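Chain naming follows the written order as A, B and C, and within any one chain the residues start at number 1.
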Amino acid sequence: MQSNFRNWPVLLVLFVFSAPLLIMLTFLLVDAFTTKVPGTMIPNGLTFHHFRFLWTDLDDGSWGIWGVTLNTFNFALFTSLSVSAISLTAGYALSRLAFPARGFFLGSLIVLHAFPTVTLIIAIFLILQLLGLYNTLIGVIVVKAALELPFGIWVMKGFYDTVPWEIEMAGVQDGASRFTVWWQLVLPQVQPGLMAILIFSFLSGWSEFILPMVLAPGTEAQVLSTYLATMLLDGGTQADFNLFKAVGLFYALPVIIIYLVFQNKLMNIYGGGTKG
Amino acid sequence: MRISIENFTKTFGDTTVIKDMSLEIRSGEMLALLGPSGCGKSTTLFAICGIHRMNGGRLLFGDKDVTRVSSQKRNVGVVFQNYALYPHMNVFDNIAFPLKVRKETRAEIDRKVQEIANLVHIGELLHRKPAQLSGGQQQRVALARALVREPDILLLDEPLANLDAKLRLEMRSEIRRIQQQTGITAVLVTHDQVEAMSMCDRIAIMDNGKIVQLSSPKEMYEDPTSDFVAGFLGNPPIAFLEGKAAGGGFRLANSEITLPVPSGITIPDHGAAMRFGIRPEFFQPNNGLKLNGKISFVETQGREELYDVMLENGAVLRSIQSQGAGHKLGDEVSWGIAEDRILAFGPDGRRL
Amino acid sequence: MQRSSWLGLAFLSPALVVVLLFFLIPVVLTGFFAFTNMSTATGVKGGAYVLNTSGLRALADAGLPKSTLEQIEGAGYRVDAKGLEALAADFGQPVADEFASLHDGEVFSKRRDVERALKDLRSNPIRKTRDRKIAADLFKRSLLNERFDTLPGFEAALEEAGIPDADRPLITQVAYTGWVWTTENFGFLMSLDSTWQYAKNTIIYVVFTLSFNVLFGLFLAIATFYLPSGQAATFRAIWFLPRILPPVLYIVMWRWFTWDTGFISTVLSGFGVSPRNWMLDTELHAWTTIVLINGFVGASMGMIVFSSAIRAIPSSMLYASEVDGASRLQQIWHIILPQLRWPILFITSYQTMSLLTSFEYIYLATDGGPGGATEVWALAAFHTALNNYGGNLQYGLGATYALLLVIIGLAASLAYLRLFNFRNLIQKPRIEG
């Protein structure tokens, strides 16, 4: 579009509204690495003191940052792997295979996709207790994977839908079974979808807070989100925001890296919409 | 391998696409299934290769009933309209896939792929990915992949539809050459009458899920059994004159002109509707049965010129003449019909 | 059945198991739990029968006759297997064996009688008075503080203690520690003033946040559409960050921003405004922060969806309108906005649903404060059932709160089904073999 309108009023409004975000982000970086004059925002020295949690124990009853990080990584990774694996098969079945009550399954997929799962958390809490999975990392992984699944299947089905039918027909004519056709001919075509779901559910697992807090509040299964939240909520008036920001930066590092690498892809997936 | 389709019926949900169709394809011949879109020709093709199940009837390859045999076991090679090459495999792997699925030895695979690649002239392209090939080359790869395992039958689903005009001409003769060289029974599905006429031994023309006529291209052109067939074949297409039987002749609609009906045609009862079909090459200035009209359209085709002539009653006849006749738009002309070439059709469209 | 059917079901089955376990069963269970008084005290797995002193008090208040109460307290001394086992453990098997051979099954009404019987044992008498007292107490059988795992066991004990038939149902009911079915949750909720407050809060929350999300999302999408691509990409990236950053970190930043030692306080102190917690000092500030916190996250979804919808408008249409002399505002109003009707409807319905049920950010930011001013329905359900200061988690009551959300969720999902034009989705697979 050519400029038949000056851009500066729009830019001004954008800047005003973006200001809180910009300030928060800037000081997230600044405060994590600096000391400052009390009562001002002005930094007066570089320090790594706020990152002391990496090499000393904060004596707050937690499991130590590295154990917590490992938990978070495992949580995100296994959530991501299970969601991807199950979506990969279920998406194909719903997209391509004929079986009884297929329409019904497709319908329920949409219903589940829209259904707010957090409303079920009380029941899930009780189910995990009955299954003996309460307060375990496995329990939270299973639940998180389950809640991510409708979205994963939905996205995967979309990717399968774009694979030309003729490729599968050709495979069948060439003498390959439906399974071989899926494994050797179709899967390579939906790799972008697989990547999208892996990344997306990894990020989603990495950031998840409510589920670990409710379903695995013990120290053994603590993850970075609950670690940081505990600090934040127990801080009271002595809140050490420099420490919080250092922990937060450490916590968000993988997210930021993934964001920088896959920015455009991620925007597309989030366009599909998962959280309000 | 002879293919016999007996009383084939196919339904999708509530709609019956094909009802009680029978067709026999001779061993070693190339047969075209020709018809407008939605006539059921692709459905028939998919039933032969097993992608569609038949709701009724039998399918025999030779003497073997394959109605319930799965696609994988029918040994039918198919070339799809968009070629359906596997995008992640190079040309060699594409062609080798059917052999790998059959667990043939490495040496066997190498030999067969090389052989078929030479037959379809793509020996140099084996290491390319499909995306790096031109349309014609992709077409050749698809042919090679369909033929490499020596299928009993080759099915071609609109194989030339995605090619540009020049390549289409080239591939037409290529496919025919390869089919004749291998001697394979082939079925070609197409909506293009030129393709069907130029490539095939016989044409089965389909309409509304039925085979309307089955014969050689020449016979079908010269001796169509219905106005539908006459209208479908020929480019530029045949022109029809509407009218009715009157006193042993053919009275043109909305006019007093009565044309004589050529001998050998049974004239229907007085007053019954009739149509005369006249191909452009048989409406010429020096033919005997003259009609007056005015040139309403001129199209220069290079070697030839095509004229539309509007008759006094508003009907339009087409004429194709060599370059240089020099007729102009709006000229009043009196050209003639070759009387023995008139195709007459009855009220139901059936040839008289 | 065709072979591909089996493959289809096999491919689908892992998803089916998970969905069954964590969607269908929870939905059904939420419905069930709403009709129970389940809580930390009752446990989940059902309960036992115990009468403790508080139970006794409750029975007295309920008008149980004094004589029955006394019967419950002092049911006497019984020589039974349990007591004998304890005796053998403390005083040796021979003592127990001899005592059993003489008095097995007897009931003594007073401890003195038991002590005498123990003293009178011929071969293994217990000599010390203190020991005899201890030994005698091993056989004391009171209904008080005795734990019965099954109803028949408890009823048998009542029978033995000679409790009058008429009093038994009441005693049984009081003694039961497990959960029971009840319909009282609904009435109870309706009677609470706070319930109506939660509903009001939820409406405020949804209406304001949603308006911010949609309007600002629209503004962002349109603004970035007209900006040069470099600037547009920068703003999109900035606005996308809140969505991608972990919620806990995002709230850390907001808390810092509004805290009494945080950004706003520090900056305003330069103008003589005393530092305060700008998030929690007044209800208005709390709501403003909550709406902005959620709005900054939500607007990016609108931005992305609207942006791609705007890009889908054929550029020839926009050029044509410019040639026709439309100003940019006219172009937005007449060309772009009409094209965004469906995306706006989608975002509105989708976000209404997720805002109704979301409580993560509010929990982390204000936790419903100050004084319950920002306690929304979903947060109340969460607090009641899973996270309250009293420590007695009321699952049943919480599930009753959640049930309303589940019903709204199901209704909205079905509406979704229509919106998605379901017929297009169930196209038949094209390979039939």
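The definition used in the following text is that a residue touches a chain if its C-beta (ideal position, glycine included) is under 8 Å from a C-beta of that chain, and two chains touch if they have at least 3 such contacts.
Owing to the predicted nature of the structure, the values given are computational and were not obtained by experimental measurement.
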Ask   = Which chain is in the middle, if each chain's centre is the mean of its C-alpha atoms?
value = A
Inquiry  = Using C-alpha centres only, name the chain that sits farthest from chain B.
reply    = C
Query = Which chains, taken as a pair, are joined by the highest number of C-beta contacts?
reply = A-C
Inquiry  = Could you work out how far the Cα centre of chain A sits from that of chain C, in whole Å?
reply    = 22
Query = From the C-alpha centre of chain A to that of chain B, how far is it in Å?
reply = 56
Ask   = Between chain B and chain C, what is the separation of their C-alpha centroids in Å?
value = 69
Ask   = Which residues does chain C have that touch at least 2 chains other than itself?
value = 3, 428, 430-433
Inquiry  = Residues of chain B that contact two or more other chains, please.
reply    = 50-51, 71-72
Query = Out of chain A, which residues touch more than one other chain, so two or more?
reply = 169, 172
Chain A residues touching chain B - in the complex, by the definition given at the top = 164, 166-167, 169-177, 180, 184-185, 188-189
Task = Please give the residue numbers of chain A that touch chain C in the complex, ascending.
result = 1-2, 4-5, 7, 10-11, 13-14, 17-18, 20-25, 27-28, 31, 39-41, 85-87, 89-90, 92-94, 96-100, 102-103, 105-108, 110-127, 129-130, 142-143, 145-147, 149-150, 153, 165, 168-169, 172, 178-179, 203, 206-207, 209-210, 214, 224-225, 228-229, 232-233, 239, 241, 244-245, 248-249, 251-252, 255, 259, 263, 266-268, 270-271, 273, 275-276
Note = Contacts from chain B onto chain A in the complex sit at residues 49-51, 71-73, 76-78, 80-84, 86-88, 97-98, 101-102, 145-146, 149
Remark   = In their shared complex, chain B is touched by residues of chain C numbered 3, 428, 430-433
Query = Which residues, counting only chain C, touch chain A once they are in their complex?
reply = 1-12, 14-15, 18-19, 21-23, 25-27, 29-30, 33, 38, 44-45, 213, 216, 219-220, 223, 226-228, 231, 235-249, 251-257, 259, 261-263, 266-267, 269, 292, 294, 296-298, 300-301, 304-305, 308, 318, 322, 327-328, 350-351, 353-360, 363-364, 367, 378, 381-382, 385-387, 395, 398-399, 402, 405-406, 409-410, 412-414, 416-417, 420, 422, 425-426, 428-433
